[in-house]
Amino acid sequence: MSHNTFGHLFRVTTWGESHGPALGCVIDGCPPGLPLTESDIQPWLDRRKPGGSRFVTQRREADAVRILSGVFEDAAITARFGGPVTTGTPISLLIENTDQRSKDYGEIARQFRPGHADFTYQAKYGVRDYRGGGRSSARETAARVAAGAVARKVLGEGVAIRAAVVQIGPHRIDPARFDWAEVDANPLFAPDPEIVPVWEAHLDERRKRGSSAGAVVQVEAMGVPAGWGAPVYGKLDAELAAALMSINAVKGVEIGAGFAAAAMDGADASDEMRAGAAGPRFLSNHAGGVLGGISTGQPIVARIALKPTSSIATPRRSLDEDGAEIDVRTLGRHDPCVGIRAAPVAEAMVACVLADAFLRHRAQVG
Amino acid sequence: MSHNTFGHLFRVTTWGESHGPALGCVIDGCPPGLPLTESDIQPWLDRRKPGGSRFVTQRREADAVRILSGVFEDAAITARFGGPVTTGTPISLLIENTDQRSKDYGEIARQFRPGHADFTYQAKYGVRDYRGGGRSSARETAARVAAGAVARKVLGEGVAIRAAVVQIGPHRIDPARFDWAEVDANPLFAPDPEIVPVWEAHLDERRKRGSSAGAVVQVEAMGVPAGWGAPVYGKLDAELAAALMSINAVKGVEIGAGFAAAAMDGADASDEMRAGAAGPRFLSNHAGGVLGGISTGQPIVARIALKPTSSIATPRRSLDEDGAEIDVRTLGRHDPCVGIRAAPVAEAMVACVLADAFLRHRAQVG
Amino acid sequence: MSHNTFGHLFRVTTWGESHGPALGCVIDGCPPGLPLTESDIQPWLDRRKPGGSRFVTQRREADAVRILSGVFEDAAITARFGGPVTTGTPISLLIENTDQRSKDYGEIARQFRPGHADFTYQAKYGVRDYRGGGRSSARETAARVAAGAVARKVLGEGVAIRAAVVQIGPHRIDPARFDWAEVDANPLFAPDPEIVPVWEAHLDERRKRGSSAGAVVQVEAMGVPAGWGAPVYGKLDAELAAALMSINAVKGVEIGAGFAAAAMDGADASDEMRAGAAGPRFLSNHAGGVLGGISTGQPIVARIALKPTSSIATPRRSLDEDGAEIDVRTLGRHDPCVGIRAAPVAEAMVACVLADAFLRHRAQVG
Amino acid sequence: MSHNTFGHLFRVTTWGESHGPALGCVIDGCPPGLPLTESDIQPWLDRRKPGGSRFVTQRREADAVRILSGVFEDAAITARFGGPVTTGTPISLLIENTDQRSKDYGEIARQFRPGHADFTYQAKYGVRDYRGGGRSSARETAARVAAGAVARKVLGEGVAIRAAVVQIGPHRIDPARFDWAEVDANPLFAPDPEIVPVWEAHLDERRKRGSSAGAVVQVEAMGVPAGWGAPVYGKLDAELAAALMSINAVKGVEIGAGFAAAAMDGADASDEMRAGAAGPRFLSNHAGGVLGGISTGQPIVARIALKPTSSIATPRRSLDEDGAEIDVRTLGRHDPCVGIRAAPVAEAMVACVLADAFLRHRAQVG
């Protein structure tokens, strides 16, 4: 993981700023012969796209993706694969920015918005593109989602990756009521319809007060066989942790039982095994599908905590570039809870990590 | 981060199994001219060393480190630096294993101990060194601690890294009583002497029942200037997450407010700033010293959750390599709470990540 | 160096096929605050651009570069730097393909052109974009040249990189007549005007016969201080060798005396040193500016050998995808000597390697 | 390729100085289940070992290798594999230095020996281990040869890698007399017995004059299937070039026809193809087994040029660390032609590059 690239064999390099002309990614190392068109990618981008409800930013971006390289089709390929396929060369994906509002950034240009990366980018680089947060904007995650769509192709039908919001503000779902089938039936990615009005009320209240809410997102990968991951510094959970922690606003990552594991009794914490029809059967999944950095064959389960959106209308104390004390109010188009749209992003990151783990496993073990 | 190497410019490669002849690491990319002898490394190894109390394994290892390369001294260097210094070439560190008990592994050789990596190593590699867990043993962390000692030299006196145990089993410390000065005054790395008897009682009870306990460890780095870290996939918190999650038994990592951030009000979650005597002064540190993946200049604060030791005397249901159902009892010399000794390991990992971030920052920004 | 990325800190990822909609690169790790606009890059692309003489392909590409990210400007930046500057975030460069002739590739689609990568891409990937050679086309080098222009900005005015053609076919220049000032005065990048008519006659003769010519290109970097490069596998000459060998049609790389060094007397081969006004003065440069993988402060001198263009009108025996024996004649728009246009490409690769070496050196040594 | 590590999936990290206590390497990413003992490695080290004839250094090193990790054996493994096998975890190899003469380095300690890395290490690091050249000594290549032995295991019986000296001083072999069967029948790795007395006379003459000789080594890999290598910056020939150029004293690398390709006619340079019994049959191998960075299935052929040994008895002008002008005579135990012992080293580097290419190919294409 080096600056703006992640992955070892399935490698994703993203680029672009919130208010630049475009953003995108280059995916290298993709196996050849995988059917791929824009229509395989676009639905995932649409799912992440702002504008879906009053609980996300009102910025309107088509997020239309173009494939610029790495895919080819002719009559013979169509006959063989049914359409364009990957060629094994780098896949360049481009998404144009179309709704960057032309406005005067005069004020924000020299202010450090609390909770944002304004101060740290300035401290590091001495110069920054402050428009919409520039490179640190969550808009960058569109490129991740596009890459994740390609990663899913690498993983194939056997691996299913899905995410749900399991907490907004202080309101957690009841795990007993968790139903994956509900997640796409509401704009909050909630796995329980009963929590939706609770969360909506909470978000409305926060927004009206000029504040915002945090969230916890759970992401799972079903169908990963035992054996993926590479100890000891390329552990599957270590790479998942890095990939998920790199998502904007994430402050915590846990695998399986996570922080709750600390309080468990040793006799309960380990997942016992019995013989199953098709190999070992685990009697629980506190490990979250990873032991010793290698997948167990159980579902891989991770959760991430996202802090509340930092851009809020309530004035907050801060400094400008000259060190003068100021109050900052952020009025623009902002998600009251960035955690909601993090669900498809978390899925994409897990997909990319798993595609990479799959290729690395195949390399070493055949 | 690739298999058994981590870091980009300050690169650490570790090797060795629990019951092999030795273990060690190679540290590459270390700046030249840093005074370094075995006596700079040994105290950190001693701090992690088993045998310190009844709450850690009774295996007795001297953990004596030898420097095999990368350091040089002659009269001129002694006159100039006071002793041997790094030369900029790879530093090879070797620790011999001396207390591998000669015993019959006949039984464990074909058993999958629940909670351990036995099953996953077998599933991945088809063959494994089962003696003491082989490569997946926490004994590997000795090499990390040795590397961390060198990383501290790179960071210099200005950066201080320290860790404390803040929870054992269900018993958390009272944050108001947190006192770093107490941590080294007790064998449990507790920052509050009043919690020590509570934890001791808990550990004794678990051990007597043939069970074990989990823990939460907090690690902090003081003195890191603003600007370290490299967005967006080399974010400082992403690299810390990977490094910490790679430690044996860790199931969760959080930065700053961590999972608690999800429930916070947006108006409270961001750290406000005022002008300070020597630059910006933050009024809180919910960010844990990282914004947008770059250090803020505040202390970097991370916490990790460790599951209870999987090696317990209580029989657990499992399988052997043939798929036969068995009961596994582990009677050997095991820590009743691996989280305790994870404190110096977590420090070491943070030190290595920061040394790498420092060099990368210097590379890009000068 | 991993697939389509090269460099460690100054990292270049290129993408794109000969007849796709566009090609480009992402440059990561560039220091912030460097003035950069398209006009800093375009002249280097123009220098490499086809269409300059009858000795290069007649394909007409504007090769107009667009900067899509990583550069920013506002009034304050203009006042401070005089124009847009790099921000330290990834720089995405895009060049549209505009002169891909719409033609029927029916024949070439299933043929393996001798000397080309048709067969090997098919053998590796099982599918390939055969239009103009797809990813294996020398058109990819436009992205390298664009990246090289940015690398020059990183290196600054103090380092000058230049290349000349020193041999076409069997005709070598007389080293005694080598004059860098002549190189840009003729379309063959010849450092001696007297060789130009010889080469032109040779190229005309080869072309008329339906054949092609090879070349040797010499590239030099002046002003590199002593100390860049990182032994022992990141040696400056090793990285130059990889970067230069990766250029299409290159079959050999030598540094300094190169292959001639094998025949030299040991007493002559080493460059003696005397005290100079500003430090050590070498009495010769057989080392080509590199000793032990580290720069000496002398000019870095490399030469590359390029095979003759493989696309020729003379029929050559080959196979098609079905294994049937065929004769291949290539009639399209092709350089009769690809070595000529390799001069700016070689410069670019050296610039990128040096920019990376500079940043790595600064990282380790400060 | 980063500092002291090379390879991507089959990764080799070497460490150690000429006169330190030991040297060695860590091999990561090796597939599991490969039979491996010290006796698989030792013969290759013995082949490289000094002391074989009057034409190599008289330093006497046993070069006895120890495997410290990554290999395991028990009764079940012996029954299944016949002996110890790799486990997929890092393989640490250690070679002790035993014949470092205790001598006074007082003079050389501050001198820059022409042609050596003394000056550049000092310029880069400001401090250096000058004993025997420290890290820059060719003694480091023992670790490469050990790693190469493991790489051969990864490649299996189907791939054979061999090297021969084809030129010493100005005396080249007659290619028509090239006979691989002769190479191990003489201490100069000559593929033609008739050249041996010529080379011996040349080496004796150079040595008596207090000088030394250069050499050209040819290395070939037979049995590599078509498809290995990864365009465009991980090209097989680019990686070979880097690996070979990183060997001490190498000043040039060429693949196939190499520099001679520049003078060839385009109609001759490309290797024509006909249908063979088992797939394509090439009618020549000017490409040296690589097209577009991917193996063709033909033998991979590379040649490297090595400069004469820089340590000679003839006084050469130089400087000391204070910049004072001195004459340097090197009287110690030195190879009169380092190119001879480079043959087994070149084989090892090619083996490592190919093992890595094999794993990467398997990763992407399956």
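We just call them A, B, C and D in the order they show up, numbering each chain from 1.
Everything below uses one rule, namely that a residue touches a chain if its C-beta (ideal position, glycine included) is under 8 Å from a C-beta of that chain, and two chains touch if they have at least 3 such contacts.
In this text the structure is predicted, and so the values were computed from the model without any measurement.
Between subunit B and subunit C, the least number of touching-chain steps is 1.
Distances between chain centres, each the mean of the C-alpha atoms, put D farthest from subunit A. Averaged C-alpha coordinates give centres for subunit A and subunit C that are 38 Å from one another.
Spacing of subunit A relative to subunit B, judged by their CA centroids, is 27 angstrom.
Taking each chain's centre as the mean of its C-alpha atoms, subunit A lies 45 Å from subunit D. In subunit D, 2-5, 8, 14, 29, 32, 88-89, 124-126, 135, 231, 365 are the positions where the chain touches two or more neighbouring chains simultaneously. Residues of subunit D that touch subunit A in their complex: 8-9, 29-32, 88-89, 231, 359-360, 362-366. Put simply, subunit D touches subunit B in their complex at residues 2-5, 8, 11, 13-17, 20-24, 26, 28-29, 32-33, 66, 68-70, 72, 74, 76-77, 85, 87-92, 94, 105, 109-110, 124-129, 134-135. Of all residues in subunit D, only 1-6, 8, 14, 112, 114-117, 119-121, 123-126, 135-136, 140, 167-170, 206, 209-216, 226-235, 237-246, 251-267, 269-275, 279-280, 283, 286-288, 290-297, 305-310, 312, 314, 316-319, 323-325, 336, 339, 361, 365 touch subunit C in the complex they form.
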